[in-house]
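For clarity, chains are labelled A, B, C and D in written order, and residue numbers in each chain start from 1.
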Amino acid sequence: MRTSSTLRDCLIALVIFALLAALPIVWPSRGMSDFVIRLAAFGIFATSLNLLVGYAGLESFGHGLFFGLGAYSFGLAMQRLGTSIPAALALTVLLSVVVAGIVGAICVRLKEIYFAFLTLAFQMLLHSLIIAWTPLTGGDQGLTGGVPRPPFLGISLDQPYHLYLFSAGLLVACLLLMRHIVQSPFGYTLRLIRDNPARATSLGINVWGMRLAAFIIAGAFGSIGGVVMSLFVSGAFPDFAYWTISGEAIFMIMLGGTTLFLGPVAGAVMLLMLNDVVTKLTEHYGLVLGLIILLFALGLRKGLADYLAELWQERSAARGAMQLPAAPFAEPSNKLSGE
Amino acid sequence: MSKRRNNRRSRREVLSGAVAAAAVGSFPFVSRAQNKPIKIGMPTIQSGRAAMVGSSSRNGCLLEIEKFNAAGGLGGRMVELVARDTKGKPEEAARLSRELVNSDGCEILFDSESSAGAFAIHEVAKDLGVVVMHMNSETSALTADPKLRIPNAFRAARQGIHDSIAAGSYAGKIAKAKGLKKWLSCSPDYAYGRDSTQLFLEYLKHFQPDVEVVGEAWPKLYQPDYTDALTKILQIKPQAMYSCLWGGDLTAFIDQSAIYNLFAQMEVFTINVADYTILTAVKNLPKGIHSGNRYLSTFPNTEANAKWAAEYRAKFNEFPINWSWENATGAKFVLEGLKKAGSTEAKKLSDAIRGMTIESPFGADGTLTMRAEDQTLVNYATGWGQTIPTEPFMPEVTPVDWQVIYELETAWKKKNNYI
Amino acid sequence: MDLPALANCVTSLSCIVTQSTSGLIIGMLLFLVAAGVSLIFGVLKIINFAHGSFYMLGAYLVLTVYGLSDSFLLAVITAALGVAVFGLLFERLIISRVYGSQVLMQLLVCYGVILILDDLVKIIWGPEFKSLGMPAAFRKPPYLVGGGVVPVYYLFLIVLTLLIALALGLAITRTRFGKIVRAVAINPGMASALGINTGYVYAGVFMLGGLLAGLAGALAAPVRSIVSGMGLSVVVESFIVTVIGGMGSVAGALVGSLLIGLVRSFGTIGFPLFTEGLMFLLMAVVLVLKPSGLFGREG
Amino acid sequence: MLLIENLSKSFGGVLAISEVSLNFTPGSLTAVIGPNGAGKTTFFNLIMGTLLPDRGRILLGGENIAGLSTPAIVRRGIARAFQIASIFPSLTVREALLAAVNAQRQQHARLLARFPLAASRHRAEEIMHMVGLATKANMISRSLSHGDQKLLDIALALVLEPRVLLLDEPTAGMGPEERWHMIDTVQRLWQREKMTLVFIEHDMDIVFKIAQSIAVLSYGRVLAEGTPAAIRRHPAVIEAYLGSEYAAGRA
C-alpha cells in the first residue's frame, strides 16, 4: 500500500509534467512560459528552504547563499570551462553540497535566532566575495556576456520551448525528489527533531547529524533554483546572493504555508503573480505589496495553503472522520504555523 | 495623496493604483490615435534609493515623444511609452523586458536601468532581437567590447572612457598649472567606480607625467558614512583628489567633507558634481570644486539648450539632469530612426539609427552622432569647470576637444583588443 | 588587500588617533539605532527589522521641521518624539498582533512595514535624495586632537551619544522601569505573575527604541543624504552590532557599535574592498565562539 | 537488576539526594513516595544521566552507569516517562511511534525507503495496543487528552524495549476515571513485559494497591523502604508523611 503512495507521487508528477509540456501548445504565450521558468527557479528554491523551516525546524535567513552559489557556479562553469549543461549542473550541485557541508557543520550547532543570523552572515560573506572578486565574478556588474547554452541529448536551450521544458522538468523532478525525502524515514526523523529535540535525543537520535544532513540536502536543491534563474537571465548577478533573495523565499513559504509540501510552491505562484500584476498596475509597488503582506500576516497569521488545509481538517473532523485530510501531500500542521 | 488610502483594502489599492498608472503611463493622445500605437517598453528604477533614475529618464523621453506624436507620429501611428519598475533588480529587468515585448506588444525597448540591469536587458535584446536603446549605462564595455555587441542594441549615454579622457586632459592642465603632484582617489567600490578611477589616473599621467598616486579610498556604494574614508584622506594629505561618487552618496560626501574643511586643503576633481540633482540638493555648496558637466542648462551655452531646459522645467517642474538629456537623446534617435526607416521592423530601424547624426541641444557642435562602428553616442557636449555656491553654479565650462577623445579612445580599444 | 598600509597606520600615533575617532563617530549613530534593536529583542524576543525605517522617519521629520522652523534643536526634539509615538503605534497596531507567532512571520510583518514606509516617504517627500545642510551653529573649522582632526559637529555627536548611553545604562540598571524591563526580559510569565502589565512594558520599550532611532536619524540628517530606503544599510549594520554585543544588552550595543566603527575605519586602510565582508566575518566568528554575544546572557 | 549505592547530589550546598541506597530486584514494581521536594524527580534524573551524581554508584546488572550520557544509558536499557508528557505534538500517535521504532532500530536515517518501514509497523501497532492507544492511532498527538498524552509518553519509552522503566507521576493531573485506567495499563504492562518498574506517585490508594515494595524519600534521604504492609506500620513514615488514618487498620 505504501510503495503505491510512492507510485502515486510519481504518477502525479508525470501528469503535472505532461500538463506543463502541453500548456504552451494550447496557450502559446511567451509571457506564460517565462512565468513557468521563473516559477521553476523560485518553486525549487522556496521548497528547499521549507525542508529546513517546515520539516527540520531550522529557520534560516541565509538560504540565498545557495541560490547565488548555484547561479554563479553554473554560469562560470558554462562560460569559463565550456562544459556541457548536465556537467555544469552536476558540478554546481557537488559544489553546493561541499559548501553546505562546511557552513552547515558550523551553523546547525546554534539554536533559533543565532542559527538564523549565522546563516545570514555566511550568505553576506558570499555576497561580499562576489562583489570583491571582480576578475572572476565581474563584481557588481555580474556575469555578463551571456551564459552559453550548447545543445545536449538533442535538447537545445536556445529554443524557448526547450528551455521551458527543461525548467519545468527540473521543477517536477526536484519536487518529486524532495517529496520523497520528506516522506522517507529520514524525513520523519526530521519531524521528530523539529517537534521535540530533547525527546528525539532520548530515542538515541543524533540530532546534530540529522540537521546537518537536512542542511546539505536543502542547499543542494536551493542551488538548482539558482541554476534555472541563471539560465533565464543568461547571467548571474550579486543580487542572487543578497539577503533579499532569502527574504523573498521566506515570503513565499509564509505566503503559501510551511505545513503542506506544496505550500511553498503555491506561495511562489502567488508572490510572482502579485509582483507581476502589481508592477503592471502601479508605480507604488512597495505600498501595495506591503499592505498585502500585512493583510496576510495580521489577518490569517499563517500561509494561505495552511489556512485552507486547516479549514479542510476541521470540516472533515466535524464529519467525524478521524483520519488526516486525504489530500495528497497533506502534512499534520506543526507548531510553527502560528497560534 | 494616499495617506488615507492605506487603511483601505488592498484590492481598492490595486484599482486606484491602476487609475494612477493609466494617468501616468498612457497619454491623452494615445486614445486619439487612429491606428495601433507603437509601444515602447521602458524597464527602469522607480523605487528605492535610485528612484530618481525612473522619473528623470521617463520625463526625458516623454518630451521627445510628445513632439513626435504632436507632429503626427509615424504616419498616424502614435508612440506610447510603457514604463515599468525593475526595483533595480537585474532579474526583474530581464523579466520585465521580456514581458513588455512578449505580453504587452512593445516593439522597442528603452533601457533606463543601471549598469547591471543594462547587461541583463542586453541579453534579452540579443534573445528577442528587438531594438534596445541603452539610456543610462556608461560602462564602456557594453558597446566597446565586440563580444557583447549586437546589431540591434545602441547606447545614447555618455561613456566612461570618454569621461575619463576628458577628465584626464582637464586635470592634467590644472595639475601642470598649479603643480599638483600628490594625487588621491576616493570612488565608490564597484565596477563603474573602479574603471573610471583607474582610467582617469591613467590619462592624468598621460597628460601630466610627473604626478604620483599617494592613496585610494573605496567607500561602499550607498555607504551612509564617509568618515573612515575622509580621515584616511586627511591622513595622507594629498594636493589633489579625484572622485567619481555620484547621487546621494556624493551629496553626503560633500556635506561630510565640508565639516572636515577638506575642500580648503586640496583641489577636488569630481566627475559628477555639475548636475542639478547635486547642485540644488547640497546646501551651501563649496566653491571651487572641479567637475565635469553632467547636465547644465548653460553648457553648451546655446539658445537651444536653454530652451530645452526651460521646457523641461515648465512641464515637470524640476531641473533636468544627466539622465534627462541622455534619455531625451536616446528617444530622439529612435524616433528619427522610425521616420527614416518608416517602419518599426528591428532590422530596418537598426540600420536607420546606425551612424545617424541628429540636430541636438546637447551636441558639442549642435549635432550628435550614433557612431556606426560601435553603436554608441559621440560628440556630446562635455567639459569641465569650477563650482560656485549659487546659480548658474558653474559659470565657466571649458569644452573638451573630441579629437583628443577619439585618438585616446582608439588607443584604449586597441589595448583591450576590442579592435 | 593592503596590509603594509595597515601596518604603517597602527605604528603612527596620529593615524591611530584619527582612525579611532572616526571609528568612534561611525559607531555612535550606529549605537543609537542598535541599542533600540537590542532592547526590543532582549525584552520581546522580536527582531525589529523595521527599525531602520524609524531612523529614516527621524531624518525626514528633521528635514521638514528644520525647514519650517529653522531651529535644529526643535527639529531634533520633534523628530525623536514623533518617531517614539510612531514606535508606540507600530507596536500596538501591528507587532503586538504577531507576538508568539514564528520569527519568520514577524520578520515578514516588519518587511511589509518597510515597503510601505519607503514608498510613503517617496510619495510625500519625493524620490530625489535630500540634504539638510550643516546648521549654522556647527559651521566652524574642525578641532585638532592629537594630530588628528575632529569636526565640531562630530564632537557634539560623540559627547551627546555617550551621555545618552550613560543615561540609558542607568535607566536600565537603576530605575523601576529598568528593573521591570529586565524582569520581563528574563521571564515574561513571572513578570505578569508579579502584576506587571507586560503590555505597557512592551509598548514602552518600543517607544524608547523609536525615540533613540528617531534621534539617530535626526542627528545623522546634517551629514548624510536623506532618501527613501536609507534605513536599510543602517539596520543591517545594527543587527551585526546587536549580535556581536549580545541581544538585550545596552553595554553590548555600545561596544559592538564601536567595534564595527573601528573595523570600518581600520578596514578601509587594510582591506579597502572587503570592509563589509569583514563585518559579517566578525559577526560569524562571535556567533561561533559565543552565540549569546560578548555581553549576552547564555541561554 | 538496578542497584543504587550511596547516591548523593547537591545543588549549591543544598543536599537534594544524600546517601541514597536502594535495590530494585528484577521484575519488581516499586513505588517511590515522599512529600514535594523530597528529591524524587532528581533521583530519576540522576539515574537517567540527565544530572551527574556527586557521589555514589548506579549499577545496572553489575555495570556502573553513573556518569554516562543519557543516550548511552538508554541503550543499556533504562527508559523513562516524564511528569509532563514529552511527546511530538504535530505527529499522529502512529507516526510518532513508527518514527521512534525506526530510531530504536537505527533505521531513522534512511533516505531511499518510504515511511513507514514495513518492518516497524508491527512493533508500533503492538505498542499502541499495549498502552491502549490503538483506536487513536491517527489522532494528532497535540489533540490527545492529557491522559492519552501521558500514555503516549510511556509508549515512546516502551519502544526502547527497556529492562528498567521509570515513570514520573504517571497519574499526575488526572481525574479518577483516567487515573485508574492509567494504573491498570501500567500494571498490565509490567506483568506482560516482565520489566523492572519504578514509579513516583502521590496517590496512596494507588501506591498501596499495586506496589510490591515502597521507598519513602524525605529531604533527599531514604526514610524507609519495604513492603506496603511494612511501610504502613513504619512509625517514622506515619509521623512524617502518611498521617494516622493509614495505620488505623485499612487492610
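One rule holds for everything that comes next: a residue touches a chain if its C-beta (ideal position, glycine included) is under 8 Å from a C-beta of that chain, and two chains touch if they have at least 3 such contacts.
The shown structure was predicted, so the numbers you read here are calculated from the model rather than taken from an experiment.
*Asks:* Let me have the rounded angstrom distance from the C-alpha centre of chain B over to the C-alpha centre of chain D, please.
*Replies:* Averaging C-alpha atoms per chain gives centres 76 Å apart.
*Asks:* Taking the mean of the CA coordinates per chain, how far is chain A from chain D in Å?
*Replies:* Comparing mean C-alpha positions, chain D is 43 Å from chain A.
*Asks:* Could you put a whole-Å number on the gap between the CA centroids of chain A and chain C?
*Replies:* So the centre of chain A lies 33 Å away from the centre of chain C.
*Asks:* What's the distance between the Cα centroids of chain B and chain C, rounded to whole Å?
*Replies:* 34
*Asks:* Two or more other chains in contact with one residue: find those residues in chain B.
*Replies:* Within chain B, the residues that touch at least two other chains are 2, 6, 46-47, 54, 189.
*Asks:* Quick one: which residues in chain A touch 2 or more of the other chains?
*Replies:* Expected reply: 131, 284-287, 291-292.
*Asks:* Quick one: do these chains touch in a line, a ring, a star, all-to-all (complete), or other?
*Replies:* Drawn as a graph, the chains match no named shape, so other.
*Asks:* Which chains touch which?
*Replies:* Every pair of chains meeting the touch criterion: A-B, A-C, A-D, B-C.
*Asks:* What residues on chain A touch chain B, complex-wise?
*Replies:* 29-31, 34, 38, 131, 134, 138-142, 144-146, 229, 232-235, 237-240, 276-288, 291-292, 295
*Asks:* Using the touch definition up top, name the residues of chain A that touch chain C in the complex.
*Replies:* 53, 59, 61, 106, 110-114, 116-118, 121-122, 124-125, 128-129, 131-132, 243, 247, 250-251, 253-254, 284-287, 289-294, 296-298, 301-302, 336-339
*Asks:* What does chain A use to touch chain D in their complex?
*Replies:* Spelled out, the residues of chain A in touch with chain D are 2-3, 5-6, 180-181, 183-189, 191-192, 194-196, 198-205, 209-210, 213, 322-324, 332-335.
*Asks:* Per the contact definition, I'd like the list of chain B residues that touch chain C in the complex.
*Replies:* Within the complex, chain B contacts chain C at residues 1-3, 6, 46-49, 51-52, 54-55, 189, 216-220, 222-225, 227-232, 234-235, 247-249, 251-252, 255-256, 258-261, 277, 281-284, 318.
*Asks:* Name, in rising order, each residue of chain C that touches chain A in their complex.
*Replies:* 45, 47, 94, 97-98, 100-105, 107-109, 111-116, 118-120, 123, 236, 239, 243, 247, 273-274, 276-277, 280-281, 283-284, 287-288, 291-292
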